[in-house]
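After this come two complexes, each holding chain A, first together with chain B and then together with chain C.
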Partner chain A sequence: MKRLAFAAALILFATAPFWVGGSFYVNILSQILIGAIFALSLDVLVGYAGLISLGHAGLFGVAAYGVAIALNAGLGHLAAVAIGLGLALAVTALFAVLALRTTGIGFMMITLALGQILWGLAYRWVDLTNGDNGLGASSRPTPFGFSLAAPVAFYYATLIAVCLALVAIAVFTRSAFGASLKGTRDQPRRMTALGYHVWMIRFFAFLFSGFWSAIAGILFFYYNQFISPHALALSASAEVLLMVIAGGSATLYGPVAGAALVVVMKSVASAYIARWNFALGAIFVAIVLFMPEGLVPGTQRLLRRGFNAQRSRASAPAEGG
Partner chain B sequence: MSLWLILTVNSVTLGGLLFLLSAGFSLIFGLMRIPNLTHGSFFMLGAYLGASLVLYYQVDFWLAALAAAVLVAVFGGVLERFVLRRLAGAEQAQVLVTLGVSFMVADLCLMVWTGDPLSIDPPEALSGAARILGLTFSSFRLAIIFVALVIAAALWLLLDGTRLGAMIRAGVDDPQMARVCGIRVSHLFTIVFCLGAGLAGFAGMMGGPILSVYPGLDSDMLPLALVVVILGGTGSLLGSLVGSFVVGFLYNFGQALVPELAYFVLFLPMVLILVARPQGLFGRRAP
Partner chain C sequence: MTTALELKGLDKSFGGLRVTKGVDLAVVPGERRLIIGPNGAGKTTLFNLITGETKPDRGSVALFGADITGLPSRRRAHLGMARTYQIITLFPKDTLLHNVMLSLLGLTALRWNPWTRLDRNEALRERARAALAAVGLSHLAERPLAQTSYGERRRVEIAMALSQNPRLLLLDEPFAGLSIDERRDVQKLLFNIPREVTLVMIEHDMDTALDLAARISVMHFGEIVVDGTRAEVVAHPKTKEIYLGE
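What follows is the complex of A and B.
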């Protein structure tokens, strides 16, 4: 059943450029997919490790700035991407060492402060980052000879990246390591007593999360061919966290649904509803009140309940007769 | 010399404002364990409400500030009673709902007051300058510092000298044990939330003549309040007082002396303190 749904969704997404009508919508799909990778990466921490990070836009942005600065220094795309990834992983490791001294609200606050530091650097270190004007790139890369310049080509590249991310995160969470990560979330003391190195498990989960955030950041940079400090702001960190929680944390498809919700509200609905920000806020409040576990698990629960109700209605007359 | 003095006065003023904003935040955080991300919106809402009373209805400045505080307190009370109460202990839901409400408030403010900033004049009596020891200060800035100190003293008396204060402290230290002793902690939640929201609204109005009132004021103030509370330690009044002035100084001196690294200067000490003392300077270690 789940595999069928996944295959259907994959076919839908793979054929999307032929039926959505126009590159405007293809670009919105690309944005959703980039948001989905970013939200998936954060979900590793929020959902599976139980650590709410409010500084993930910093990791996303560091990767993007790494690529941008390398490109502007005259390096090629491959070298620039390698530098962006390496830089983001190094920063992630530093984040992890500092933030993992605590959990809960303390963790949230340290990651927030670290994210704000990166934002402040991007905003004010004008010599390196060009400040509020941001940094651009003149071209997108051509991996294996395929040019990603056209919207459709870039869309397929992000689709492949999303599939890789989904597979990687599914494998990660179902592995023995993923099980021990969930153990540190639910019973950290018991895990320590069992001889697991709780800190180390969380550290590697953080690195894994940072890696996929960096991939999302690099895709984001090439999508816009531009990066500015806004991508690192607290509001960006909050937005991706909202994607995860609204869609349903600790699920595979929840963050994807959350990313779709936020991007559609921002880019499509904003054309029709003047007060889209209000509507988005109202949707978040409604989700918390009616589906506290998030959109995807909440919908599953409602469907299951509807299914069960129908089945019991169907079997009731039989019992009576 | 005078640059240093101006910077110092500005720092202390900002510290006073931040104390008004973050005292309530800290109590809410300490008592209810809610990361109340609408606190910046309370500040902005208070500023807008007070400013419109002054500008459109010619209400006296202090009366308007009081009215703004009461209105925002009522709003906070409604939010606590009808939404946050259901979400006790669910951290993710609390983050989602408080951010969602802050989106709604920000958009409503944009709708009602449009994107143009409002500027409020300080009250007539304080619009001039005061001369102390041969140096000239803005009277209104001195008034902010004075008001903040008075409120700090009042809060301290409330928390340390009254029965209600003792109950709140008990709730901060050990909510379960406080419940067992017959304290209705859920009533305290509402009282503290209203108090915190009202103080934030009041702070917004007090900050109006200095910062002016504009869309985005909420997200400018919220991180500062977070830093204060984290530096000072959650649930500690003394912590927010010290934290506020530290942040006030770091922010103003950072902006003036090392503009390139202003935010670095602001947030780095916070990270260092958190790493050394995760519970903040004056916070108690969580049980």
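What follows is the complex of A and C.
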């Protein structure tokens, strides 16, 4: 059943450029997929480690700036991407060392502060980042000779990246290490007594999360061929956290659904409703009220309940007679 | 003969309150040692000092002759120290089997493996099943822990501790919150633990725990005030004073 749904979704996404109607909508799909990778990366921490980060846009943005700065220094795409990833991983490690001194509210506050520092650097270190004007790139890369310049080509590249992220995160969270990680989320004290190195487990999970945030950030940079400090703002960190919570944390498809919801509201609904922010807020309130576990697990619950009700109705006359 | 556990001059203060005052304790291998004392005597703090969850201000802890005073908690687990908690701390959403598997996983290098699935590891699963069978819970293996009774959870906790093949097992009030029937079950379980495992047990209710231990230490206001065989301790005037308020 789950595999069937996954295959159907994959076919839908793979054929989308042929029926979605124009490159505007293809570009929106690309944005959804980039948002999905970003939300999936955050869910590794929020859902599976129980650590709520409010600074992930910083990691996302550092990767993007790393690529942008390297390109503007005259390096090639491959070197620039390697630099962006390496820089983001180094910053992630620093984030982790500082933030993992605590959990809970303390962790949120430290990640928030670190994210704000990066945003401040992007804004104020004008020599390096060009400040509020941001940094651009004149071209997209051509991996293995395929040009990603056209919207459809770029869309397929992000689709492949999403599939890789889904597989990697599914394997990671279901692994023995994933079980260790969920254990540290639920009972850190007990895990220590059982012989687990709780800090180190969280550190590795943070690095893994940072890696996929960086991938999302690099895709985001190449999608826009531009990066500015706005991508690192607190509102961006909050937005990706909302994607995770709205879609359903600690699930594989929840963050994807959350990303779709936010991007559609932002890009499509905003064309029809001037107060799209208000509409998005109302939707979040509705989700929290009626599906506090998130869209994906909430819908599963409703479907299951509907199915059970139907089955009991079908069997009731036989029992009654 | 080396001791299984040896504490020397363990001191711990929280703010101005000295919770343990120069505690000395020696437990020989295979012993069943009971530490009793009224609420607030410092028993659980003493346990936390032994397991390393709390660092002592002064004094030392030795496990089978090796000084472990500075070792973190997780390393002590790898050296053969296991514990249960007074308030059960398990994984409520997971099945009983998964709870025990996590306990087994903690001592293997597999716990760092980010690609092999844990639920498909047959060797670990079989060992977890055996550990559950040993406490009479095979039939509940696939049930989420949240759907079991308190007494069953206590047995799961003991199964988890024993599955790690500890040399020293610390039991923090294993009978707390149990019904009379459940107490009997747990008592039988503890009786059947092989002698290769040294047991140190805290209780504040003397009656249920007395049968298990040959040697008893009485703790009061952070000090071990009486230490001896069961008969000696029961007859000691200090014990009567503490428990009967004479």
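The working rule: the second predicted complex is superposed on the first by the 321 of 321 C-alpha atoms of A that agree within 3 Å, B and C clash if a C-alpha of one lies under 4 Å from a C-alpha of the other, contacts with A are read in each partner's own complex, and residues count from 1 in each chain.
FYI, a residue touches a chain if its C-beta (ideal position, glycine included) is under 8 Å from a C-beta of that chain, and two chains touch if they have at least 3 such contacts.
Given the structure is predicted, the values throughout are model-derived calculations rather than measurements.
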Touching partner for A:160 - first (chain B), second (chain C), both, neither: neither
First, second, both or neither for A:275, with chain B first and chain C second: first
Contacts of A:172 with chain B and chain C, given as first, second, both or neither: second
Chain B versus chain C as contact partner of A:194, first or second or both or neither: second
Chain B versus chain C as contact partner of A:242, first or second or both or neither: first
Chain B versus chain C, judged by how many residues of chain A each one touches: B
Contacts of A:14 with chain B and chain C, given as first, second, both or neither: neither
Which superposed partner A:186 touches (first chain B, second chain C, both, neither): second
Which superposed partner A:73 touches (first chain B, second chain C, both, neither): neither
Touching residues on chain A, where the partner in the complex is chain C: 171-172, 174-180, 183, 186-187, 189-198, 204, 208
Chain A partner contacts - residues on chain C that touch it in the complex: 51, 53, 72-75, 77-78, 82-83, 85, 89-94, 98, 101-103, 105-107, 110-119, 121, 160, 164
Contacting residues of chain B [partner chain A, same complex]: 29, 33, 35, 37, 83, 86-87, 90-93, 95-97, 99-108, 110-111, 219, 222-223, 226-227, 230, 234, 259-264, 266-268, 270-271, 274-275, 278-279, 286
Chain B-touching residues of chain A, taken from the complex the two chains share: 46, 52, 98, 101-102, 104-106, 108-110, 112-114, 116-117, 119-121, 123-126, 234-235, 238, 241-242, 245-246, 249, 275, 277-278, 280-285, 287-289, 292
